[in-house]
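Next come two complexes built around chain A: one with chain B, the other with chain C.
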Partner chain A sequence: MRSTIPLIITFFVGLFMVGEFFIPHWRYRIWTAELLEWGLILAAGAYMLGLANLIQVNLPKVMKKERDWGYKAVMLVSLVVTLFIGFHDGQHRHDDGAAYKWVFEFVFTPLNATMFALLAFYIASAAFRAFRARNVEATVLLVAACVVMLARVPMGEAIPVIGDYLPRFMNWIMDVPNIAARRAIFIGAALGAVATGLRVILGLERSHLGAD
Partner chain B sequence: MRWLLLLCMLLPSIASAETVVLIPPGSAPAPQVAAVSDLSITAPEDNDGLNLDLAWTSVEGAFAYAVVRKRPDGDWVLVSETLPSGSDSFGDKVTTDAWEEPPAGTYDYRIITLAELPPTRADDITDAERIAQLQTLGLTSATVQGTPEASLVRTQMGALALMALILGVGGLMLWFTRQARLGKPIEIRRIPGIDAIEEGIGRATEMGRPVLYVPGIDELQDIQTIASMLILGQVAKTVAEYQSDIIVSCCIPIVREVADEVVKAGFYQAGHPDAYRPVNTRFISSEQFAFCAGTNGIISREKPATNIYLGRFFAESLILAETGFVNKSIQIAGTAEATQLPFFIAACDYTLIGEELFAVSAYLSGDPRLVSSLKASDWVKVVCVCAIAVGTITVTLGSTWLQELFTIAGG
Partner chain C sequence: MKLFDALERFQNMDRRWIFLGMGLSILIPLLVTADCEFKVDERVQALYDTVEALPAGTTVFLSADFDPASRPELEPFFRANLDHLFRKDIKIISATLWEFAPPIVVPILHEIAAAHGKEYGVDYAFLGYKPGKELAIKAIGENIPKTFPVDYQGTPVEDLPVMQGFKQAKDFPLIVNVSAGFPGTREYVLQIQGQHNLTIISSCTAVSGPDYIPFYKAGQLAGLAAGMPGSAQYEKLVWADSEPPPGTRKLATQAINVLNMGHAFIIALILMGNIAYFLTKPRGGDDD
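Then we have the complex of A and B:
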């Protein structure tokens, strides 16, 4: 019974939501919007559980001074401070001069940008490994990547003889083999998504229902 | 003289009066362009009953067009005032409030042809005042009336083709499930990336280190996250059977809650409920790069032997995978996000591309009923390949009927 009721709910709600695409009537859309609203409320409630999980995972390690406890202490202090000033500033937290906005602009945003900037270095190291000509396929990838990179910078067009042809070759690579491969991935993924959705709606997949 | 004085006293109060009378159609103080003369209105087909389409012939010399609407229960409102000079159609949604029942009846529309750039709208001006202001800059068309029509079912060929596709997959799935029940073997090709998941868990067990599982960073309703949760169940079961440890790093709180239940179920099914540790299913942060930093911390400090990234990823994919590479973990990734696949292919040992992600849970379970669904989508893929081949030929020959069959107007 513990899994039968969720399976029945999944079946009817799944069919109902799929029906939204085929039944365009505005009244049907109001019903589906209502269901989605419930989902949003549940998701918002889960943030409280997420907060509890953060404390449950990190606080004991700080209390027992386990390995790397300092990082966790910084995280917990940041959490408490941000929460406090967020509640303190209330509706005015986004106003100029508000402490919450200051934290967002001068602490969170630079840290976020730092993480994003790391990507440049990681791309370089991953490209170095990916573009080694170990076999025929890797060599084709290397040549295609060199053509695209050269054609996208002014220096590429300045190369004598081949400079004029590089942008055209690059466009061909991007528009023909690249798009063909992407479309194949999209079609396969779309069919896989339909099959997965049907498996869940029809109750063939049950591992998401949790423990009995 | 007394009358003149009275008039001077009254003029300011007349100018500041709040009631604005709309100028009748076809008349304006300084018309320098013609009014739209052939305005027509239609209710689009296969519609939710909230849309009306306006069409007209664009006027020579017009600077822009403004569209005004009057609902059955209301006054004239400004719908748009920024349609560029060459415009000859406009699709209006009579209400943008998802919860509002649209008032029944006819809706009136007029188009104001503007001869020049209107002044910037002041914040405190009402729609009626703005409409009156715009009418002084051009000419107003005659009123047309239309009634939105709600369709009960989409009848476009594209929608019917999509319905046929879903029913086709469902029908084939049931057919192959029946075949599996009758004991007929269903063979599917080996997928090295999926086989590597079990090898990776075995490696983690031998090394005495945990397995890290990242289910992407998207919401639970995303199909890739759902697929990832289904795979997590199988992975957790295998981890429990090997008596190893699994850390699940989540970006969305509700995903963590579901992941926690799924991991718990996996440990119960494997007969090791005592080995399940709720603190190992962790919510990190709902901010993309904060989550990325937290997960990188887990990779660097807890040194998992195997990292499994399955779900929907964005810019954090390479940062996670490269950190795992530096940490010398075996890495298995899978996503249907085409922009992130090259990063995973470059940085991970095995990558599940697109549809392979959706095949993992069925493949790992070995349940003939689930494997039959893979067979079904494979057959639909054969149909799609044939349709692409036939479509290429027919379009080359100048026929577009197959193209139209797969076109869905209006989403």
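Then we have the complex of A and C:
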């Protein structure tokens, strides 16, 4: 019974939502819009579950002083402090001088931007070590990457003689081989999503219920 | 022999030297600015033309889906786009699906609106953040006031003059998406563009650009500005005959030199690495 009722709900809700694309009547869409709102409420509720899970997983490790407990303690303290000032500042959290805005601008923003900016350094290192013309496939990849990198910036356009042709060649790479490959991936992924969706609706795929 | 050893050492050099070189390639152009000419891509031109074709007084929906990490790439476009829309007297209803966007979006929106003498609630509004990712996009396609009952300040959206007559995505002649990833342009296209036949333009990070080009080619996106070069090209079009409003700089145009040097450094590394590889290969170089 624990899995039968969720399976029945999944079946009817799944079919009903798919039906929206085949029955474009406004009365039908009132109901699908209602279900969407339920979905949004559940999505917001998932944040509460995430919060509880984070505490449930990390707090015992801090209490027992397990490996890396210090990092987990910093994370939990940051969580509590940010949550507290967020609730405290309420609707005024984006105002100048608000503690929440200060935390966002001077703690979160530099950390978040630093993590992303580090990519430039690791990409340079990885490109140097990995881009070797070891065989035909690797050479094609290497040449395409260099052309795109060069043509994407004004420096490529400024190169005498080939400068005019580089952006055209780059556009050809992006518009022809790139699109062909991306569309193949999109269509494959879409067919996979349809198959998975059908398996979920028909109850053949039950991993979302916690079963294998 | 010495050359051979040097080339071997070069191929296995400590990556901190690469980090140092990359750091200098970024730092030097930031300190020493230089103007450089560049052409405008067909996709960016199409994006600009789509906005230009809108008559004054219309209202667009702007989904600002980015965070501090993607801010350097997308803020220049966001600023230029706001300036472009406001100076054409186009009204803006903005929202976000990214939880870290509001503290970035709100001050910029107010700043550029103030520069054009626009009034909050009448000429523009920010509906805030909505969790739910694709579900939220689908809900924007169905019923915006139900999805965002109040704006970011807690004002009921149905009380905002700018919202009058706009209930769902298809009521807008244009949807602008500033997209740093998921959820973003791809999800807007998949969830609601086809179903409601919407006109969408997108500014995305450079890494997402190749993913979205098929949507542009299929007509599902009316224009696309990818990464810093896309933003710089859009700035060039928006401020071709005028200067940015006070306090706003051509951020992407200034940053394009950093890209120049950064890309040049990586290409030089790749070339030198391959030369070293081929010169050392016959004598037992890395050939796996």
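Just so it is clear, the second predicted complex is superposed on the first by the 194 of 212 C-alpha atoms of A that agree within 3 Å, B and C clash if a C-alpha of one lies under 4 Å from a C-alpha of the other, contacts with A are read in each partner's own complex, and residues count from 1 in each chain.
In the analysis below, a residue touches a chain if its C-beta (ideal position, glycine included) is under 8 Å from a C-beta of that chain, and two chains touch if they have at least 3 such contacts.
Just so we're clear, the structure is a prediction, and the values are computed from it rather than from any experiment.
> Quick one: is A:68 in contact with chain B, with chain C, with both, or with neither? Answer first, second, both or neither.
Only chain B is touched by A:68; chain C is not.
> Per the contact definition in the header, classify A:154: touching chain B only (first), chain C only (second), both, or neither.
Only chain C; A:154 stays clear of chain B.
> Looking at the overlay, does A:167 come into contact with chain B only (first), chain C only (second), both, or neither?
second
> Between chain B (first) and chain C (second), which, if any, makes contact with A:56: first, second, both or neither?
The answer is first: A:56 touches chain B but not chain C.
> Please indicate which partner A:123 is in contact with in the superposed arrangement: first for chain B, second for chain C, both, or neither.
After superposition on chain A, A:123 lies in contact with both partners, chain B and chain C.
> A:29 in the overlay: touching chain B, chain C, both, or neither? Say first, second, both or neither.
Both chain B and chain C are touched by A:29.
> Check whether A:104 is in contact with chain B, with chain C, with both or with neither, and answer first, second, both or neither.
In the superposition, A:104 touches chain C alone.
> Between chain B (first) and chain C (second), which does A:207 come into contact with in this model arrangement: first, second, both, or neither?
Only chain B; A:207 stays clear of chain C.
> Quick one: classify A:194 as touching chain B (first), chain C (second), both or neither.
In the superposition, A:194 contacts chain B only.
> Using the superposition on chain A as set up above, list the residues of chain A that contact both chain B and chain C.
Looking at chain A, the two contact sets intersect at 21, 29, 33, 39, 43, 46-47, 108, 112, 115-116, 123, 125, 127, 129, 182, 186.
> Which stretch or stretches of chain C touch chain A in the complex?
For this pair, the touching residues of chain C are 15, 18-19, 21-23, 26, 36-39, 41-42, 67-72, 100, 102-103, 106-107, 130-133, 135-136, 138-139, 142-143, 146-147, 152-154, 195, 206, 209-211, 213-214, 217, 227, 229, 256, 259-260, 262-267, 269-271, 273-274, 277-278, 286-288.
> Flag every residue of chain A that touches chain C in the complex, lowest number first.
Touch list, chain A to chain C: 21, 29, 32-33, 36-37, 39-40, 43-44, 46-47, 91, 94, 101, 104-105, 108-109, 112-113, 115-116, 120-121, 123-125, 127-129, 131-134, 142, 145-146, 149-150, 152-155, 157-158, 167, 171, 174-175, 178-179, 182-183, 186.
> Spell out the part of chain B that touches chain A in their complex, as residue ranges.
46-50, 98-99, 101-102, 150-154, 159, 162-163, 165-166, 169-170, 173, 177, 219-221, 223-224, 226-227, 229-230, 232-234, 252-254, 256-258, 261-262, 264-269, 273, 278-279, 281-283, 286-287, 289-290, 292-293, 297, 301, 315, 318-319, 321-322, 336, 338, 341-343, 345-347, 353-359, 361-362, 365, 369-370, 373-374, 376-377, 380-381, 384
> For the complex, which residues does chain A have touching chain B?
It comes out as residues 18, 21-27, 29-30, 33, 39, 42-43, 46-47, 49-50, 53-54, 56-57, 67-68, 71, 108, 111-112, 115-116, 118-119, 122-123, 125-127, 129-130, 182, 184-189, 191-200, 202, 204-205, 207-212.
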